[in-house]
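Have a look at this one before I ask anything.
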Amino acid sequence: MGMVGGGLDAFIGAVHRRAAGFDNEIELVCGVFSSSPEKSKATGLALYLPEDRVYSSYEEMIEREKALPEGERMDFLSIVTPNHMHFPPAKMALENGFHVMCDKPMTINLAEAKELAQLVEALGLVFGLTHNYTGYPMVKEARDMVRNGKLGKIRKVVVEYPQGWLSKKEEDTNYKQAIWRTDPSKSGAAGCMGDIGTHAENLAEYVTGLKISELCADLTTFVPGRLLDDDGNVLLRFEGGAKGVLHASQIANGEENSLKIYVWGELGGLEWHQMEPNTLKYKTQEGQRIIRPNVGDLSASAKAHWRMPAGHPEGFFEAFANLYRNFAYAVKAHMEGKPADPIYDFPKAEDGVRGLAFIDTVIASNQSETKWTKFIQ
Amino acid sequence: MGMVGGGLDAFIGAVHRRAAGFDNEIELVCGVFSSSPEKSKATGLALYLPEDRVYSSYEEMIEREKALPEGERMDFLSIVTPNHMHFPPAKMALENGFHVMCDKPMTINLAEAKELAQLVEALGLVFGLTHNYTGYPMVKEARDMVRNGKLGKIRKVVVEYPQGWLSKKEEDTNYKQAIWRTDPSKSGAAGCMGDIGTHAENLAEYVTGLKISELCADLTTFVPGRLLDDDGNVLLRFEGGAKGVLHASQIANGEENSLKIYVWGELGGLEWHQMEPNTLKYKTQEGQRIIRPNVGDLSASAKAHWRMPAGHPEGFFEAFANLYRNFAYAVKAHMEGKPADPIYDFPKAEDGVRGLAFIDTVIASNQSETKWTKFIQ
Amino acid sequence: MGMVGGGLDAFIGAVHRRAAGFDNEIELVCGVFSSSPEKSKATGLALYLPEDRVYSSYEEMIEREKALPEGERMDFLSIVTPNHMHFPPAKMALENGFHVMCDKPMTINLAEAKELAQLVEALGLVFGLTHNYTGYPMVKEARDMVRNGKLGKIRKVVVEYPQGWLSKKEEDTNYKQAIWRTDPSKSGAAGCMGDIGTHAENLAEYVTGLKISELCADLTTFVPGRLLDDDGNVLLRFEGGAKGVLHASQIANGEENSLKIYVWGELGGLEWHQMEPNTLKYKTQEGQRIIRPNVGDLSASAKAHWRMPAGHPEGFFEAFANLYRNFAYAVKAHMEGKPADPIYDFPKAEDGVRGLAFIDTVIASNQSETKWTKFIQ
Amino acid sequence: MGMVGGGLDAFIGAVHRRAAGFDNEIELVCGVFSSSPEKSKATGLALYLPEDRVYSSYEEMIEREKALPEGERMDFLSIVTPNHMHFPPAKMALENGFHVMCDKPMTINLAEAKELAQLVEALGLVFGLTHNYTGYPMVKEARDMVRNGKLGKIRKVVVEYPQGWLSKKEEDTNYKQAIWRTDPSKSGAAGCMGDIGTHAENLAEYVTGLKISELCADLTTFVPGRLLDDDGNVLLRFEGGAKGVLHASQIANGEENSLKIYVWGELGGLEWHQMEPNTLKYKTQEGQRIIRPNVGDLSASAKAHWRMPAGHPEGFFEAFANLYRNFAYAVKAHMEGKPADPIYDFPKAEDGVRGLAFIDTVIASNQSETKWTKFIQ
């Protein structure tokens, strides 16, 4: 793969590289790691890349890689730049025949997202989006339990995502992550809702298989002077009648990365917490079962996303690696002209479109005095 | 004390009696335990009451007890009937000079609640309401930490109360608790929101010291044929700018009695869970502290509501007993013409009024197409 | 009941009184609450006892109560004095026909314990011992699961009881509990092992139904100048081949009252923790089930020792109350000439003898250079 | 690096390869992955190794790699064969100037371990041993808290390691892991105690900085027909007076991989659990603190072994990768003639010797009728 973004000082680039390399299916062969050519070179050097495959711009990279013989050039492009720089390289890569793995959110606005999705559709290429929390095996198990009717018809979904790291005005310090995430020109129209609210939305729809049909949002910017929302509370209604709550925050003081989901149906309920990702609770009025990777009878999908014996904790990197591995399998199937195996699923362009539509909808709802706002299509 | 309601087959009567007797401050001396005189007699007998102090109606009890010499007659009336039967005995007791301890919600509608509150105010009597969850020592500690500024200005409150016991149409079986709680004529205008939503509302306001100023509610009756809501999701706004979420359910399949509260302020956050009531989590960006009864430095109030050495779990009964003991102290202070000690606090008539106003507000909001509904005064 | 010991400043007396009164089966009618007649009177007054039933010595109490007409005199004696003062009043009470409920350990040495047990046997009276941790409903459930073969043949038992409250030399302060518990003349030959090691031993034998056959102990006094052990580690062997570990400590800094038991058999394992007493974990290689009071299908015994709906935590007092209630039922059955219902079980004289034998065995083992010491009979 | 063992069907080889590659410091360049040349070739192919660097025997590999020019040949050998095949390749590699990373236990008996340790010492090469549980950041933090006196003088250590996977006679099925681990000729003199007891021993000594001085062991083979112990309980005494308990099991039905350690000192206590590795509990009589990676003020060492923002769980692979990365740093320092940075520590030959000595000591103790057996040097 080739990479855009992810210089040595960027946190997420290293995550993507570790995730990509984890299962020995993907090799980094080229990249443009920074808008500064010096930094890009330095990163390439540190990553033991040959000098001639560290480029100065994504345009250069795509052109020159395309000129290389098949088998030698990169097979796909991984995009790990700030949000506003997802669309241009993604578009150019697709148009030049490269598959794309893109950090979320897919783009900085819904129009771009739709354009990319149409391109993917039209060209038949593989497009992956790193809504990484759906890569956990217990999330796969949860989705499969819902699918298989273990919960009955779903009635209620609560998904919550409190973080505390922006409790103060970190963007006034030298904290790079804070700076671009609170800057509308780089992050998009939403702050907290775009950064983590979309993860919550994606998780809720993934696990339940239900689409949000309308919502009612109350967004807040608690830290004075901040330009984007740092907190949001949302009532949800799903197609088919399920109800729900989504709340996310970057000012939930003392919280780390506490994404949780609860799903209740006519027959039972599920509970999952990202910070203890290897435990899934299944409750009915008859009792509670603790479901754990590699213990007892699990779905084929849960098994396919776990590497270790029971009790050897896998975490964030392994879930992320599941996305990359599955994406690599899909690329390989594409090369071989075969259909991708659905057990190795990963978020795709349509998830990205939905994420941007979610952002637009919560912003519209937040500005509206009417209770319900239809989910924007 | 004297008791109205609480026959042998009524669950909550025994809770009140155990709670009242727990600290050896209160003695049951008379009662009318059922609308059926036979059942009332049988209960009185089982409770070793003298036959002449088991009455056939609350009217008879209040009149005859009043006729007894002071020191011999009951000092206060405990009301544990279904909701629609709170107001009449409470009113008559107050008008005859008896203090009243009343199960929640205070009455079946807001008008009655206000009338009682005015009566209490006018007569200067002691009125207690069993919003029992505020009796836990770790809830006292939480409130005191907020009061003392440990969390800074409060920004966000999430209070959730999922139960699963009404996931099916239990009111069609012989399940007495289910029958009256889903019957509007006995329970009031709200089901889930009245029964447990008000506990959540009371807890949120108690811990934070903030009043809800407006809200946006989405109530649902999931079980076909049920007459009242069995689930509700509510966005909250508090005076002073804090935001929040309240959700409660009786159809959250597999949940027992899972009341939880999260409060986040500018300096830190708190988390408390009723099902593990002796643990309070205090989190800041610097780390997390586990606060436990009788360990380390606690507020005077937390200490005053715990009886055991550390690690000897107290639970629901003990929290309930705290309310009764504190109420008894207030009655004693009233008898002695002294002010009540504020450390021994308990929910009062104004909390009851607020609970009924909350019910009316969520129902109004649920029926409204406008996003925000002002909290009804 | 009558009570020996338990003055106002004694912690355990109030526990016993609350436990005894909890289920409305037992009334305190007389007592001698202190070796100081003034303190005894003051306690009796505070407990609203008639003056003439507050006595100056247990001898006086037993004699004068015996002289009262049946139905008026106490039915049994509750003994809550320090350990060295259990035997004399217990013996005299039994010899005068009173049933006895005795705090643990039963006596200060094995000879006394055996003498009492023989007396109980000979007289056919009811004798209860407050190994209160077996009163928890989830402990009953655990025992029944073992009995019913859910775990298969038991292979391994680990029981641990760390406390930290004697990490410093508290007996040099004014801390009454610490003073007598570290004084061999009042506490007996063992410190930590007598005070809490016996609870652990009793719990292990109760849950598994197995008797310890031999053991290997390493006791330590960590706090300089202390006269009794404050820590002990013990290897266990049970009749029938199960193995185990018991460790207990009063110097496990930061621990509250952290009694835990793990039992593993050929088919599954159990885990229970006193500080979260309403959760029992049942694990097999196929998965884990969380067992909770009043949820799903429980043993009749677990149901008979729980009062509340699911999710309303009961704790230490309620477990203690279960012992008193069951004892009261046995006394009532005795009065009526009926056999006691085995579902309402409680620790008896033979458990007390075993506790003292355990103490003697660990002390002998600790002094021995041989690995295994047979459990003293 | 080069690798011995770790064919495609061997679980631990893939763990080592992922761990080695995780931080982009180490590249697999050659290997002999199986005693069957075909299997070895197949594995090499799957790993994208050049055919000429997949060897048929470790002897061949060491010789031919040594013949390659520096910079091209492997820098060190990773040994992931069953226990009995650790010593021969390790010895030959060292004698030919290659550094060695070896799976634990180091060898199949103490004599071999000592011989290797002397060789390492004599040759000044880098030798690492994968006692991987000490690679977790919270274990580093625990060790540093002890070192820095946060617990005061250590009094008591409890380390427990229950697993349930050998509850039945799995070695009679086709389960490869079970077969060699229960075979004395491949596993060594101990079963459970060698496989996981040594991890527990290593962890206890690592965290406390104390050496076990004598012990008393009770080993059992619960599964009929099994040749090695599958369970063991051990009393520990440490140099300096601390006491402890170590118990480990492979027949603890329903347990996954539940390594836990408790350490109590004069000032406080620590608790850590491998299955929730990112939480360290620090308790004193004043309260409990939850210590988490990247939250608040941690030791430099804990920080150096964590890659993610707070709340993004790292697990087994990342801890394992920490060992490899630290080993790689030591190899690099060796190449550059510099001392290794002590912050990047990893288990070494002396830990391996201690592990084998532990095995010999528990076996000797198990066979002895004397209580205490000195730790064999």
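Read from first to last, the chains carry the letters A, B, C and D; within each, the first residue is number 1.
One rule holds for everything that comes next: a contact is a pair of C-beta atoms (placed from the backbone, for glycine too) under 8 Å apart; a residue touches a chain by one contact, two chains touch by 3 or more.
Just so you know, these numbers come straight off a predicted model, no measurement behind them.
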Can you tell me which pair among A-B, B-D or B-C shares over half of its residue-numbered contact pairs with C-D?
A-B
Across the interfaces A-D and A-C, which one involves more C-beta pairs in contact?
A-D
Distance from the CA centroid of chain A to that of chain C, rounded to the nearest Å?
55
Go ahead and note the Å separation of the Cα centroids belonging to chain A and chain D.
35
Show the residues in chain B shared as contacts by 2 or more other chains, in ascending order.
165, 255, 285, 288, 292, 295
List the residues on chain C that touch chain A in their complex, please.
285-292, 295-297
Give every residue of chain C touching chain B within the complex, in rising order.
11, 14-15, 17-18, 21-24, 47-48, 163, 165, 255-258, 274-278, 292, 295, 307-318
Chain C partner, complex, touching residues on chain D are 151, 155-156, 158, 160, 162, 164-165, 167, 216, 218, 220, 222, 231, 233, 235, 237, 243-245, 247, 249, 251-255, 262, 264-269, 282-285, 288, 368-372
